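In what comes next, chain A is part of two complexes: it sits with chain B in the first one and with chain C in the second one.
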Partner chain A sequence: MKRYLLAYAVVFFLSLFVGRFTFSPLDMGEIEKTILLDVRLPRIVAASLLGASLSLAGLSFQNLFKNHLAGPNLLGVTSGAAFGAVLAILIFTFNPYLVQGLSFLFGLVAVLIAWKLSRLVGSGTVGLILAGIAVSAFFSALVGMAKYLADPYDKLPTIVFWLLGSFAGIRWTDIRFFSVPLVVSILGIILLRWPLNILSLGDEEAKGLGLNVPFYRRLIIGLAALGVSASTAIAGMISWVGLVSPHIARLLVGHDNRALVPASALVGASLLLICDDLARTLTPAELPLGVVTSLVGAPILVAILARRRYHVAR
Partner chain B sequence: MRKALGLLVVFILVFGVVASGCINGSENASMGISTAPSSQTSSISAQSSGVVLTLVGPNGEKKELTLDDLKKLPQTEGKGGLKTKTGTIKNVGTYRGVSLEELVKLVNGLSGDYHYVITAADGYSVSVDYDFLQGNGIDTMDENGNSVSGNVMPILAYEFNGGPIEFELDGEVYPLELALVSEKGYVTPGNFWVKAVVKIEVVKASTGSSSGAQTTGYVTVQDFRNRTVKVKQPVERIVSLYGLATQMVYLLGDGQKVLGSTPLAMNDGFIQLIDPEVKNRMVFVGSPKSANIETVKELNPDVVFTAAWGDERLNEGIETLGIPVIALDLETVDNYLKSLEIMGKVLGKEERAKEAVEYYRNALKVVTEGTASLSEGGRPRVLLVMYSMKSKAFKVPGQDYFQNRLIEMAGGISVSKELPGGWNVVNVEQIASWDPDIIIVVSYSLQYPSTKVKEDIMNDPAWQGIRAVKEGKIYAMPNDGESWDYPAPKWILGLYWTAKVLHPELFSDLDIEKEANDLYERFYGLSIEDVTIVGDMP
Partner chain C sequence: MLLVEGLEFSYQNGKVLEGVGFSLESGIGCLLGPNGAGKSTLIKCIAGVLQPTAGRIELNGASLLSMGFRERSKLVSYAPQEFGISFPYTVFEVVLMGRNPHVNPLEGPGEDDEEKAWKALEALGITDLAEKPFTNLSGGQKRLILIARALAQEGELLLFDEPTSFLDFRNQHLVLSVIGGLAKDLGKLVLVSLHDPNQALLFCDTVFLMREGKVVASGRAEDVVTGENLEALYGVGVRLIEVDGLRFVVPEKDETGLNLNSSCGGRYR
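Let's turn to the complex of A and B:
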């Protein structure tokens, strides 16, 4: 684990010194200091927190639903949060705090609806997944509708920009509030890594081992939803990281959640940080984050898969 | 279950066939006269004894002529051909007929005081003046379509390459065509070649009308798809899929006729000021790329305006319903003015469009002449930023966008002009590394105006190190409900404003508020007191 922590620390440190505005760290004036401390540092912290949180949410869902294709949006959290933001943009126009607030709120509401609906559909994880898919589709449709109706010169670009996901313009004020749910979510899931191990065996087995399955399941879903809602509220929809980071971590440390959970957090944080570094430095204009995460994440996954096969074959 | 599915598929297929049949049917029905005069020797005896042409004199005197009557008049024979708007040259050959001059003499109509309205069997008409009758002021071309100088004679032809001319329309045959002929066989623009002429009317020239050919009944324009589009006059109902075009219709004073448009126009604060009913009247019909054809048809417009970048399949869909579609491009200065002329013609507001074009050209001249002498070093590096509505993230215009042209014309260098496409998100680091001399802030919402964005930037510690902010050279672009930086009619005020912001010493006697007042008064009948302008005034 120390190895991965060190790797993350290196990424973190290097990120501080890459950017469009180049300067020597040894000779810093007023503007250089501002850029380092007020522009880059909050952005790096935000990317790390979001990466860790999304990755843990993905990992939790993959364990709970015994489905390796599960990502943070499985229960409609991201779609709900996106709709909340779009709603705020359409109605309240220019109030970034309201946009973030409503986004956070709707992310949680979406999960709540999915949870309640699953009771109608029938108990069990499959019911919950189906309810989540339905909620996700519903909110995505509402977002699509809002995009169709939005003013093409004024609101539509905002919505599109918001949905694509970006860390542009993140400052301390933006993460001051949302760092609380993010940290709660990350620490909570790390602390629950032992029950997560048991839950991944399946409901029957977990019950047999004396675990209060409904309680822990609810708790973990709640924590994951908290993190994903906060992430989406800060940076919009970020794809791929939450799905792929747990897989990368699994290939590195194996399936035991006691090691896998912290490793996933570190992998997610590093991956999103690298992607954001690329998004903000490659061209004068910021690249859409979602594009970079997919472009970077996919080859990494394949590379690690190939390496593992090599080890196994030997 | 499988059976039901099969039935459904069959039903959909049948429905599709029927629906497409309907569309084709209406297309055929809207076809007018066949396009080429035929030189077949088939008989047109039915017409040779009947009346083929009605002449109406200046005092209402009427004269009806049969084909035989025409043949007794002095004959003119010559070669000619026409060039269509799309550039094809066709119907080149020898025409025989009677000159227009001879014809109007019959009703004592040959004078410079008169105009001549030539009407075709389908109601299409062209009005020409005395000069035209003499063959003056008509573009002539050689057989390859290259301009050459030469003289042509307008005649009413009934013979083409030795055979009779015949146009079929609704079962009737019409034997006359307006042809422009000469010994050398010059090619002339196709819009004068009126087919199936049935009437020539001599009318007193109305004062102030333009010279050359002017059309009534229908107008024909060439749009930005290079299509020749015929629009029936007068235009009373308009659908505009292109928000910028809607704003231009208002500039020409016909805004109340727009029944369907896009949110850009419907939420435009300035339009709401001059047309408070806009939100109740206008229906959201979609965009140039995705409009609802049925909604468009339901509004029953006389014309649809769209953007040159729109979806051509959509345009064709609307055209099959018999509604003319005109594609405009309002996103460069030249095309903006060209579009203004096209729109003026379509709306029957040629005079007003001409006045507007002149107004824009004069303003352009004032600014570009002022900045022409600037050396490269005298042109400040300018960054135009728009708030993205995501906290502290800003967008800047890429190479395709009009704002860069505006800054260049005003004597500045846009630092973001190399970026791709339209709006690009940039971070403050990039702005620090550009370190522009001047920053211009725009906002398209009055709920969060450019002045507020400017304030945010000035209060953000991260921007403090940037020179333009330190030196206070950051300016909020005015917005009167329409921001002045994009190609809405007010861009010309934006140009004045930018020029004055960049070069206060060159434009010290330019009073932006006075210019704005002038524009409001001239085109909207408002004074500056009626309009709320939010932004910095240099």
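Let's turn to the complex of A and C:
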């Protein structure tokens, strides 16, 4: 694990000096210090926390639902949070705190609705997945409706840019509040990495092994939803990181969640940092983060799947 | 001793167990009966996977139904019929998960637990599989791993739901011999569900015949697995033959084929 921590530290350090404004760490004046500490550092801290949190949410859902292709939006959290933000932009004049607050709130509301709905279908994981799909589709439809109704010259561009995701303009004040749910989510899932192993066997075997399945499942879903809601509230919709990072970590440390959970957090943090570095350096204007994560994430997933097929074929 | 009394269980579409009662003193007990008789449901109720609607389950005088998940799983190990493992954990990791009831959930297993998991693999002579991915193993190997996991769990009562399903001829007998060894050498109380009356005769001390959610007959294997009982249970005409002092069940056959009784169930209906 030390190797992966070191790799993350290197990415963290290099990210401080990547950007349109270049300078040497050995020769810094007041302006450089301000850029470093008040512009780049909060952005890097945010990217690290979000990357780790999204990755752990993806990993948790993959284990809980025994599905390798589960991502953080499985229960509709991202869609709910997106709708919350869009609603705030549509109704009020753009106020970042209101957007973030409503987004966070609706992310949690979405998972609660999914949880309640699942009771109608059945108490197991299948019911939750079906309810999650329904909730996700419902909130995506509402986002579509909001876009259709939005003023095309003023609010629509704001909505579209927000949905594409970005860390641009992130300051310490933006992270101050949301770092709490993010850290709680990350540390909570790291603490619960052994029960996550048992939960991945399915309800029946987990109960046979003495795990209080409903309690731990609720706890882990709650922690994951907390992280994903906060992530979406801060930076909009960031796709692929939560799905791909756990798979990269599996290639490095195997499937045992005792090692996989911390490794996934580090991979997620590093991957999102690298994507953000690319977003702010590839073109003169910043690229939307959600676009970059998709561009980077999709080929990585294909490479991993191809590698796995190769192993099976052998 | 395992004691079950007046056990009832219903799924949404109807009753599956109706006043099930039996007791198992020692050795291997076998639940024998047609598909849908309630064997798996009964095993799941004893394992704590399903919550019965009425009745008592006691192990050595202690009520299992009033225990929490953890407490119960320290006494009862359960290996399900189907493998729930969909991630390629190594065999050692799978067996180590059997230690869960004894492990602090926030700390995970310690050295002592790893040692016990290793000993379970040693007891079954399969330490060479330790680092292999579980999902790449054959059906027979997977069964052995689940038995090792049940052993690492250190329950006094071991429950195996159809441990021979989907296995070839050799592996069926290998798995049952291993389970037999646990009862004989380690003094564990074992309850299995089986489909083959011959395996019940070969490997089990006590047999419980199940039909339509009830235990309809119980006793020593050679007393219960009789032609008359099996015919009533499965609606198939059978004969018992003896080879080298061992009894075997063979289906009765005439020129028109197997003697399948259309009003199957007979006196157990």
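Note that the second predicted complex is superposed on the first by the 297 of 314 C-alpha atoms of A that agree within 3 Å, B and C clash if a C-alpha of one lies under 4 Å from a C-alpha of the other, contacts with A are read in each partner's own complex, and residues count from 1 in each chain.
In this section, contacts are C-beta pairs under 8 Å (C-beta built on N, C-alpha and C of every residue); 3 or more make two chains touch, one makes a residue touch a chain.
Source: prediction; values computed, not measured.
In the model built by aligning both structures on chain A, chain B fits alongside chain C without clashing. When both complexes are overlaid on chain A, the residue A:Gly169 reaches chain B alone and has no touch with chain C.
Of the two partner chains, chain C is the only one touched by A:Ser200; chain B is not. When the two complexes are overlaid on their common chain A, residue A:Ile31 makes contact with chain B while staying clear of chain C.
Of the two partner chains placed around the shared chain by superposition, neither chain B nor chain C is touched by A:Phe13.
Taking the Cα centre of chain A as vertex, the centres of chain B and chain C in the superposed model span 130°, given to the nearest 10. Chain A is touched at more residues by one of its partners, and among chain B and chain C that partner is B.
Applying the stated contact rule after C-alpha superposition, one finds that A:Asp256 touches chain C and leaves chain B untouched. When the two structures are aligned on the shared chain, A:Asn212 is found in touch with chain C, with no touch to chain B. Looking at the shared chain after the overlay, A:Pro157 reaches chain B, while chain C stays out of its contact range. Nearest C-alpha atoms belonging to chain B and chain C sit 27 Å apart in the superposition, given in whole angstrom.
The touching residues of chain C, when paired with chain A in their complex, are 44, 47-49, 68-74, 77-80, 84-90, 93, 97-98, 100-101, 103, 105-109, 153. Listed in rising order, the residues of chain B touching chain A in the complex are 243, 262-264, 267, 284, 287, 387-396, 398, 416, 418-420, 423-430, 432-433, 444-445, 447-448, 452, 460-462, 464-466, 486. Of all residues in chain A, those touching chain C in their complex are 63, 66, 191-195, 197-198, 200-205, 207-213, 216, 254-256, 258.
Remark: chain A residues 19-22, 29-32, 34-35, 38-40, 89, 93-94, 96-97, 99-100, 149-154, 157-158, 161-162, 166, 168-171, 173-174, 236, 280, 284-286 touch chain B in the complex.
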